[in-house]
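Two complexes, one shared chain (chain A), two partners (chain B, chain C).
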Partner chain A sequence: MSQVNITINGVNIQAEKGMTILEAARTAGIFIPTLCYHEELESYGACRLCVVEIGQGERKKIVASCLYQISDGLVVETETEKINGFRRTILSLLMHRWDSIPASLLEKYGAKSNERFTDNMTYCILCGLCVRFCHEVKGANVLGFIGRGTIRQVVIFPNQSAKYCASFCPDEMECLHYCPTGVISSQYYGSRPADGQALPHAHPVCINEDINILEILERVGYISK
Partner chain B sequence: MSKLTSVSALDELRKDILSRRDPKKTKLSVCSGTGCRAYDSEKVIDSLKSGIKQHGLDDKVDLVTTGCHGFCELGPVMVIYPDGIGYFKIKPDDVDDIITETLSQGKVVDRLLYVDPEGNVITKEHDIPFYKYQNRAVFGSNQSIDPKNIEDYLAIDGYQALATCLSSLSPEEVLETVKKANLRGRGGGGFPAGQKWEATRNAPGDVKYVIVNADEGDPGAYMDRSILEGNPHSVLEGLLIGAYAIGCQKGFIYIRQEYPLAVEHLDRAIEQMRELGLLGENILGTGFNFEISVHRGAGAFVSGESSALMSSIEGKVGEPRPKYIRTSISGVHGRPSDLNNVETWANVPLIINKGVDWFTSIGTEGSKGTKIFSLVGKVNNTGLVEVPMGMKLHDIIFKIGGGLRDGKKFKAVQTGGPSGGVIPEDMLDLPVDFDALNKVGSMMGSGGMIVMDEDTCMVDVAKYFLEFLADESCGKCVPCREGITQMLHILKMICAGEGQPGDLELLEEIAAMTKACSLCALGQSAPNPVLSSLKYFHAEYEAHVNDKCCPAHVCKELITYHIDPAKCKGCGKCLRNCAVGAISGTKKEPHVIDLDKCTKCDTCFMVCPPKFSAVTKLSGNETLPVSES
Partner chain C sequence: MSYSLAKVDRIIDHYGADAEALIQILLDIQHEFRWLSRETLLHTADRLGLPMNQLYNVTTFYKHFSLVPQGRHAVSVCVGTACHVRGATRLLDRVAQGFKLSPDETSADEKFSLKTVSCLGCCALGPVMVVDGKYMSNPTSNEIAEIVEECE
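Then we have the complex of A and B:
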């Protein structure tokens, strides 16, 4: 593997070509916060906590370090005032979906919940780790997203029964170990929705009861009554 | 029709078509675009057809059902050639007069002519200010062709540009031409099309794709729909030329399912091309092979974003890809894919036919050619307008658009759709130019132009666009999903009179983060309506937050309805129309609104006769004017 030279926070670092900024930084022991990243899975770029500034002067720009590949001579700043301000805003926003974000992270960036924000406490931050694990590692595609925007959520697709789910993960739903918020494990640790159970209960991560997924799926013709 | 196996066969066919046509013959060009259809233009066309037959005028008159002419405000629209008489708001009942007077005797039917706001009657379509100041290089052909008939397109030099490219220009020369013309992307970004083509051309790989982005999603914008409905071949010809220059054998058209007429005309056009051998193998005997498939999108706004569009073509959910790699290098199925907007493609044949010098003679230093806008909102003349780049916003709104309705005062113009920004009155001298609009925090976008008058609340406008974006965000990344949600929540509170000190700073904080950190262009540009309105109409936000006052009297929670006793003559109209019985009063005496019962439905305000204008909306600390007596 050929090596490239990059600078992170003023320190020269040698890293393998083809690495992302995040990989290079972590290899060098430099901390960059993430919530949707997992080294076993493909980068997803959704939480945007890992944003960093690259380039210098006029040409500075902000990129997601989990996706941006390094090249020789790249200059990276991971903790500028601007970047940390963005992280503070992102965390403050997420606190209104999930109230147990690790305190260390909140303290580091000074994030506080804001009384002017509306709560949407689903405890699921839509990082997609469970969905990606199910797809990339298990090849099962039992889990998936449904809806878009704020009504997006993770579901077990109704035509994928619990039995089908069990054929990939016989002992327990392994995806629960990937859930950063614990919302899957808190409900289904050691169990799984029973086969034949009424479908609305067969989507473990669907917390938002306001949305009737079956209704949506029927409407778009995905399932019939 | 038999297949054309050479460029000269195409020339022969064109000559044959032209020889069968008489330019002096009376031609009725009647709009049958979606806009005019909504005004029953199809019934008008049916009456015309049977009327022409009845009067035995078949041999003397050609009836052409065309796509959009642009002046949708006054549909159904008809132009009678060769004189160029313009008739507007035609009803099926008018057809008899058109036939017996105009077609049979050459007399003009006065009541169907355009009357300008000063009362002047204008006979010729091209003398009408709405058309006079336009430069309809791309859009003008709509009027002369039936989009369902490829012969009409061939008659106006259709596929001549393709023939020129295939027979006498190398792909490199075609690419150079487009680069020299500095054709910039009409879909909004303004990225030079030639550079995109070149990147795809130079990208490694044997299989490459060219794609038409017809996923037009901005509310109120319909330029691309009207080109595809009215002149699908111009886009298809452009696509083939691009494919030749880049080295592609396969193209996609990504079009919204909600554009049924455009899809129908496109499908028909592709079928006709195939019949003539303009698609398939060995096109015009030049060895160039090309195939097109039409992909219908399900109507997600985010699918207009290049990587989301390509995911959608692959059959996946239309979500943007997070990769820092351009789709021109790795697009559909990981192959190099060049994506350009409908209007961009439609410009290509013109550049080849008329030359780079012609194209670059129109426009500004950095933005060449023309741009089509859908001019909507509170202007007198709404419709599609095509203007040379560099025209001042003021000229578009006041000369072409005929100024504001009902003598109202101009307040702002919103360009660039939901991702664009608002531009205030003191900036109306701005030229329409990609860079000039970006500079002031708006953008060219695909060409939406919404004119707003003094009765528009800018906080309400920002809220409206964020509501749209909250619906359309794919929800994948946190800045866009959560950022838009909370910005919208704060705006709703401000409009409801629950604004607090610090709200505006908080909006700015979220907007800055969303702009900088979002995954795709939808999120990155989503804060524009908020940021630009905050910048140019800060006082209006402050009035909402600090004084609980909506100066434009739009935000329901912040206004109350009153009857000015000095003006009210007690006609009883408001009383009779009030749905909740909130108005009381005796005849010929001033009436009173019971604010506890009033639901602020605005009915009394609308029904109060203009000569009295006694119903008044008050907000914040405003009071009724003290009576003069």
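Then we have the complex of A and C:
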């Protein structure tokens, strides 16, 4: 493996070629906050908490460190005022979906609840860890996203009902260990909630033969009747 | 149904059953049938070797794709800024009345679908209505009634 020299926060670091900034920083013991990153899964770049500033002077730009590959002579800043401002905004937005974000993160970046943002306590931050685990590790593709923007949510898919889920994860839904907010519960594992039954928070809505995807989309306001 | 799946197959074969051409394939299928039925999606997923969750991810992400049947004639009314300023809301009311549809609705006989769009790039014509690709600048109630008559 060839080595490259990079500078993170003014410190010279040797790292292996092909690593991302995040991997190089973690290897060197430099903290970069993340929510949607997991070593076992491919980087996704959804939470944007891992943004860092690269380059110098006029050519500075902001990139997601979990996706950006290092090259020789790269200069990285992980805690500039601008970046921490971004992180503050992201965390402030997330606070309105999930009420137990690690307090250390909130304090570090001074994130406060903002009355401009309306509460939408779904407890799902759409990090995609469960969906990616289901696809990449299990190859089951039972979980997936539907919609976009405010209505985007995780669902269990048609023809791949909860029973199908059980054929890939016989004991429990293994994806629930990946969920940072703990919203995926195994309460409905092996069965599905009856029609009209209240779903806890953002537990993925189960779609199979008798709950149609169109009904789900209608319920979340994607299409009108 | 088997006849229409043969059409789907032709479209997929045209792109060499390449999963990377998914969006283009879906666009072509939608162009052919005006919407994407569950059967078509299942068949496409099968042919391309993609899981259904990916197809639903894509089709619910892009607003262009429709998972419900669309009318034979697409009626769009622009409600973008320029058209709004020039009276798009009044035009939309007239169109809704003329076609007896509310926005995002398809008539029971699947003849018309009414949609609102957010800029058609011809702001000088605003407020603008498009029926099957034909642009009309601020049509009157009578002109709208004529269009309703003309369409098969």
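Just so we're on the same page, the second predicted complex is superposed on the first by the 185 of 225 C-alpha atoms of A that agree within 3 Å, B and C clash if a C-alpha of one lies under 4 Å from a C-alpha of the other, contacts with A are read in each partner's own complex, and residues count from 1 in each chain.
Keep this in mind: contacts are C-beta pairs under 8 Å (C-beta built on N, C-alpha and C of every residue); 3 or more make two chains touch, one makes a residue touch a chain.
Treat the numbers as computed from the prediction; the structure is a model and nothing was measured.
S.K.: Look at A:His135 in the shared chain and tell me whether it touches chain B only, chain C only, both, or neither; answer first, second, both or neither.
M.R.: second
S.K.: Per the contact definition in the header, classify A:Ser71: touching chain B only (first), chain C only (second), both, or neither.
M.R.: Once the two structures are laid over each other on A, A:Ser71 reaches no partner at all.
S.K.: Does chain B (first) or chain C (second) touch A:Ala46, or do both, or does neither?
M.R.: So A:Ala46 only meets chain B here.
S.K.: For A:Ser100 in the superposed arrangement: first (chain B), second (chain C), both or neither?
M.R.: neither
S.K.: Decide which partner touches more residues of chain A, taking chain B and chain C as the two options.
M.R.: Residues of chain A touched, chain B against chain C: more for B.
S.K.: After lining up the shared chain so the two structures overlap, which partner does A:Leu143 touch, if you call chain B first and chain C second: first, second, both or neither?
M.R.: Only chain C; A:Leu143 stays clear of chain B.
S.K.: Report for A:Gln3: first if it touches chain B alone, second if chain C alone, otherwise both or neither.
M.R.: Neither partner.
S.K.: Kindly classify A:Thr89 by the partners it touches after superposition: chain B alone (first), chain C alone (second), both, or neither?
M.R.: A:Thr89: touches chain B, not chain C.
S.K.: Check chain A for residues that touch chain B in one structure and chain C in the other, and list them.
M.R.: Shared contact residues on chain A (touching chain B in one complex, chain C in the other): 145, 147-148.
S.K.: Across the complex, what residues on chain C touch chain A?
M.R.: Residues in contact with chain A: 38, 42, 51-54, 56-57, 60-61, 67-68, 104-105.
S.K.: Which of the residues in chain A come into contact with chain B in the complex?
M.R.: It is residues 43-49, 51, 62-64, 67-69, 82, 85-86, 89-90, 93-94, 96-97, 114, 116-118, 120, 125-126, 128, 145, 147-152 of chain A that touch chain B.
S.K.: Which of the residues in chain A end up touching chain C in this complex?
M.R.: The touching residues are 131, 135, 141-148, 155, 157-160, 213-214, 217, 222-224.
S.K.: Can you name the residues of chain B that touch chain A in the complex?
M.R.: Within the complex, chain B touches chain A at residues 300, 302, 317, 322-324, 470-479, 481-486, 489-490, 493, 500, 502-503, 506, 509-510, 512-513, 516-519.
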